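Below are two complexes that have subunit A in common, paired first with subunit B and then with subunit C.
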Partner chain A sequence: MEPRFPDPTSLGLLLAVAALPFVLPTVTLASEAVVFATGTLSCSLLLGGVGLLSFGQGLFLGAGAYASGLLLRDAGLGTAAAVLLSTLGAAALAGLVGFISVRRRGVYFVMLTLAFAQMGYFAVLAAGRVTGGENGLTGVPRPSLPGGLALDTPGAVYAVLAVLCLSAFFLAQRVLASPFGSVLAAIRENEARAEALGYGTRAFKVAAFALAGGIAGLAGAMHTLFLGFVPPNTIQLEMSERLIVMAIIGGAGSPAGAFVGALFFVVAAEFLAELWPRWLILIGLLLIAIVLFMPRGIWGAAQELLARRRAAAVPGLAADA
Partner chain B sequence: MPEPPPLLAAEGLGVRFGDFRALGGVSLRVRQGGIHSVIGPNGAGKTTLFNALTGARPPTEGAVTLAGREVTRMPAHRRARLGMSRSFQVTNLFAELAVRENLRLAVQAARGRSAWAFWHAPSRLPGVAEAVEGLLSLTGLAARADARAGSLPHGGQRALEIGMALASDPKLVLLDEPLAGMGVDDVARTKALIRGLAPARTVLLIEHNMGVVLDISDRITVLARGRVIAEGPPAAIRADPGVREAYLGSTGAAA
Partner chain C sequence: MSAQLLLFQLLNGLGIGMIYFLLSVGLTMIFGLMGFVNFAHGAFYLVAAYAAYSVSLLTGSMLWALLLGPLAAGAVALASERLLLRRTYALPHEAQILVTFALSLILQETVILVFDPLSKNVPVPDFLSGIVFLGDFVYPAYRLAVVGVAAAVALAMWLALERTRFGAILRAGSESAEMVSLLGVDVGRVFMAAFALGGALAGLAGALAAPLRGVEPFMGLEALGVAFVVVVVGGIGSFAGALLGGLLIGVVQSVMSSLWPEGARLMIYAAMAFVLLARPAGLLGRA
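Presenting the complex of A and B:
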């Protein structure tokens, strides 16, 4: 019942990430999938791990995207340094936002994260001379990696994004299956009881928020590497919404659910957008159906199905004999 | 022979809620290694006394000493570190987590900063697994260790609650109505569990089941309307006319 690391889904993630560029129609689509999977992971970690619904993950993704863009283009940093610094910067920003937000619970916590997310977007517009305002941050270079690996083909970019995505997922799995992660689960289940046992629940929540913010920031830096520019929609409120929708579609209960949700959303968007410009209506209907009939998401439902089949298989064998 | 100093002592303890005096002038000396029960009709101030002793709601007057140390204003989680632990009157568990995980979280909570480790599995904290197994067998929950805590029958949940109170290996355990709502079999088992805690640990017990209280207590304090009306060994309490009157006057045949 308690999470483990590595578990079978760790291997599944590894295989899925390796197979994506060959299974999906384009490598670009595979890149988009791993970028959004990483962003969605930050939402799932908070929602499924600690029970915190954050509308602010788009802010940290956007912060990571802009920070990496500026570091690559204006500060002339290498790819590795830019990704690392933007990840840490987003984690620090999230630590600050979390420190303020976890003082409130329930809907007030959600409103605080929402307010911070809105401020981030308008701050980017206000600082238009640095950020490019509505036009975004254009002309971001992709310097070669320290080993001399040039990021000049979609395949090379995908390889880097895949490694970063897997690192984030393995880190999340490791953290959830640790003493720290078990306290997060305790907070999710019964925060008052966790506090009565002697856990400083507020500090644990701030730490989880900073970790999730760092992962969102990493997704932002990956987004910048992927596109070669930073569109302002990376920090718009819609980004936060999209990450939550992906997390819920996949199932927030585990990191694997985040991967499934993001993959499903990105692929569905690709195909549906060709069929109908108003495809988001279909995603809306799908979300309603999932919340009503599969509250644990696609991944949760798949796990249940698997468990039921396994349970059914045992008496089935006995009946045959 | 001089009496050893009490493990827990209250001196002139009082708690007011606005104009209402829930507790007044209560003095209590809990001897090391014994089972000391607090009884009294509903509304006598028993849980208020517990809250004042544990720091959940500090008293408005009087003083509390734990092992000779003044702790009247000390917050609850720091008293817990001095070896005081309590169970709750209302069952309060991690219902969706396994029984074993509930106990493990309680054991881990007593290990301070090691709960912050995020780079290894929880099972790698030294001594935790052994402590959890010990609590599982002590509470009689070993066979249900992997069940969801919320799926346990009421008696099992109460036993788990006691197990969690014992997880920090406390010197002093305060149990607030541990037998409430239990079936006959569970009562017998839990009674034996509580009796077995002493003399290694000291127990302060609030309980309505008078048969059990008279049977297992070394000493009984009787509260009525926020005051101590009697204190002594079970035989003396049983014979005390004031106690009979307090009970007959309020809850009828409770005694």
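Presenting the complex of A and C:
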């Protein structure tokens, strides 16, 4: 399916984000869902958009989280400026990491993203005096927004996070539907052919990596606003892995899949973790099942089901489905 | 840094480097043979370290632990290959990576389920708990034994690769698995053997490392990151590259740990980035 913007899923996302705090048991859970949905989007955009599997998006999420924490607490910046600057900073870092990593293709690239993610964590530990090391960055304030909107209730925080999350998703949909997005899709389908057509595929990949890194950095800044402190697990390898797991479960084929995957994971974590602390074993099994039997994830499967229903409703089309 | 300390850290680096070599050589071998990147490789290291811990707790003998730990890892590797990974050979790389990653997640959580998330100490074998005198220089016997054991295994592996029929098949398989299969070799069995062997070698690394660093459930993930650094630095698919990369990374980590303790592990990743910029295919890799 050709990506378009806006498409019906844009409206669906808008409605889902508006409904979440009322549907889920707590507003906090809704906030967590939109933060991780934004982080997952950065994985989906790379994997679904360009065909790049990155085990390192946690690095950029963590970088955004730490940058926003330091800007809010130590530099005394306002919320909007801190979010914007940490998003741009994460994008710049991703541009640099991407520049080094896309020199290698395929599995080498994946290994490098994981190694750089690990490097980021050790860098945070090494710079313990600035980052707080294992204790994280504590006591991050949430200054009011320029319009005078105070971020002093979970609802107000959610409203801001929801706007940021939707902006990221709409931006991703818009980019995938643009000529730039078409070149990315061409690289995903056949990089050699895209190169033969005259596209500098490396530059496109670095640009996509920087864009995805910026989105992950935005998710990190959202995470800081949400929690009011920056735990070191925002930049640990487990974060990168969690984002990948969410992206695959939801289905990396479209931004909507990222939202579905993150929502599924966050809600599952909330309910399963209390029943069985080792619930990640189930997630591991689910991940294997999805890769082997349902490679387009939950969202992809839902779309297929919908398409089949529609085809069945129109006589004559059923044969093609 | 005094010459004495430098020598001490270089020797330490040699020991860590040999462990890193054992950890990475299976990864690089399996990749060379099948183009398969195994994200569960660190989990084999983890399983062996915990097996060694349990055996030393039950029998009080670290020697048995060092023997049974790698066997346990080899068995887990063999079982995963037969039951699961074999089904992914025909799938794209991304699918293989995700399945092996899921496997490592399951193994890691199972370790926490059976034990607990806390880190534990593992004793050094009794007969290696002393120190040895090298001239007027003292050094822990166990660390020296690690270097010796790993060097012996490396030599045995090299001989096996160069001089045996299985080694020849492995080398030929990494050139072209399809051609080897056409010549009548059962490639499926070779893959299986390579997986079990690679898992057991990662297991040996885990069992040897256990008395040095203790065991904790996330050591497998950390080991995976290190193994990637080693193969990226050395050049993936290359036996000598894994040795050179492992030693280089081990020495960098060890020497840096006395110059800048908080940054020692950061520096091995910096070393990787540096090598990558200068030689994208790694020190001994083919472009």
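As a working rule, the second predicted complex is superposed on the first by the 315 of 321 C-alpha atoms of A that agree within 3 Å, B and C clash if a C-alpha of one lies under 4 Å from a C-alpha of the other, contacts with A are read in each partner's own complex, and residues count from 1 in each chain.
As a convention for this text, a contact is a pair of C-beta atoms (placed from the backbone, for glycine too) under 8 Å apart; a residue touches a chain by one contact, two chains touch by 3 or more.
Please read these numbers as outputs of a predicted model, since none were measured by experiment.
When the two structures are aligned on the shared chain, A:A185 is found in touch with subunit B, with no touch to subunit C. In the superposition on chain A, A:E2 contacts subunit B only, with no contact to subunit C. Contacts of A:V175 after superposition on the shared chain: subunit B is touched, whereas subunit C is not. When the shared chain is aligned, subunit C comes close enough to touch A:F122, but subunit B does not.
Looking at the shared chain after the overlay, A:A194 reaches subunit B, while subunit C stays out of its contact range.
When the two complexes are overlaid on their common chain A, residue A:V291 makes contact with subunit C while staying clear of subunit B.
In the superposed model, A:L145 makes contact with neither subunit B nor subunit C. Touching more residues of subunit A than its counterpart among subunit B and subunit C is C.
When the two structures are aligned on the shared chain, A:A302 is found in touch with neither subunit B nor subunit C. The part of subunit B that touches subunit A in the complex is made up of residues 76-77, 80-81, 88, 92-98, 101, 104-106, 108-110, 114-122, 125, 146, 148, 164, 168.
Chain contact summary for the complex, subunit A toward subunit B: residues 1-2, 4-5, 174-175, 177-183, 185-186, 189-190, 192-194, 196-199, 207. Taken together, the subunit C residues at the contact with subunit A in this complex read 31, 35, 37, 84, 87-88, 91, 93-95, 97-99, 101-103, 105-106, 109-110, 112-113, 221-222, 224-225, 228-229, 231-232, 236, 260, 262-263, 265-266, 269-270, 272-273, 276-277, 280.
If you check the complex, the residues on subunit A that touch subunit C are 47, 53, 55, 100, 103-104, 106-108, 110-112, 114-116, 118-119, 122-123, 125-126, 128, 237-238, 241, 244, 248, 278, 280-281, 283-285, 287-288, 291-292, 295.
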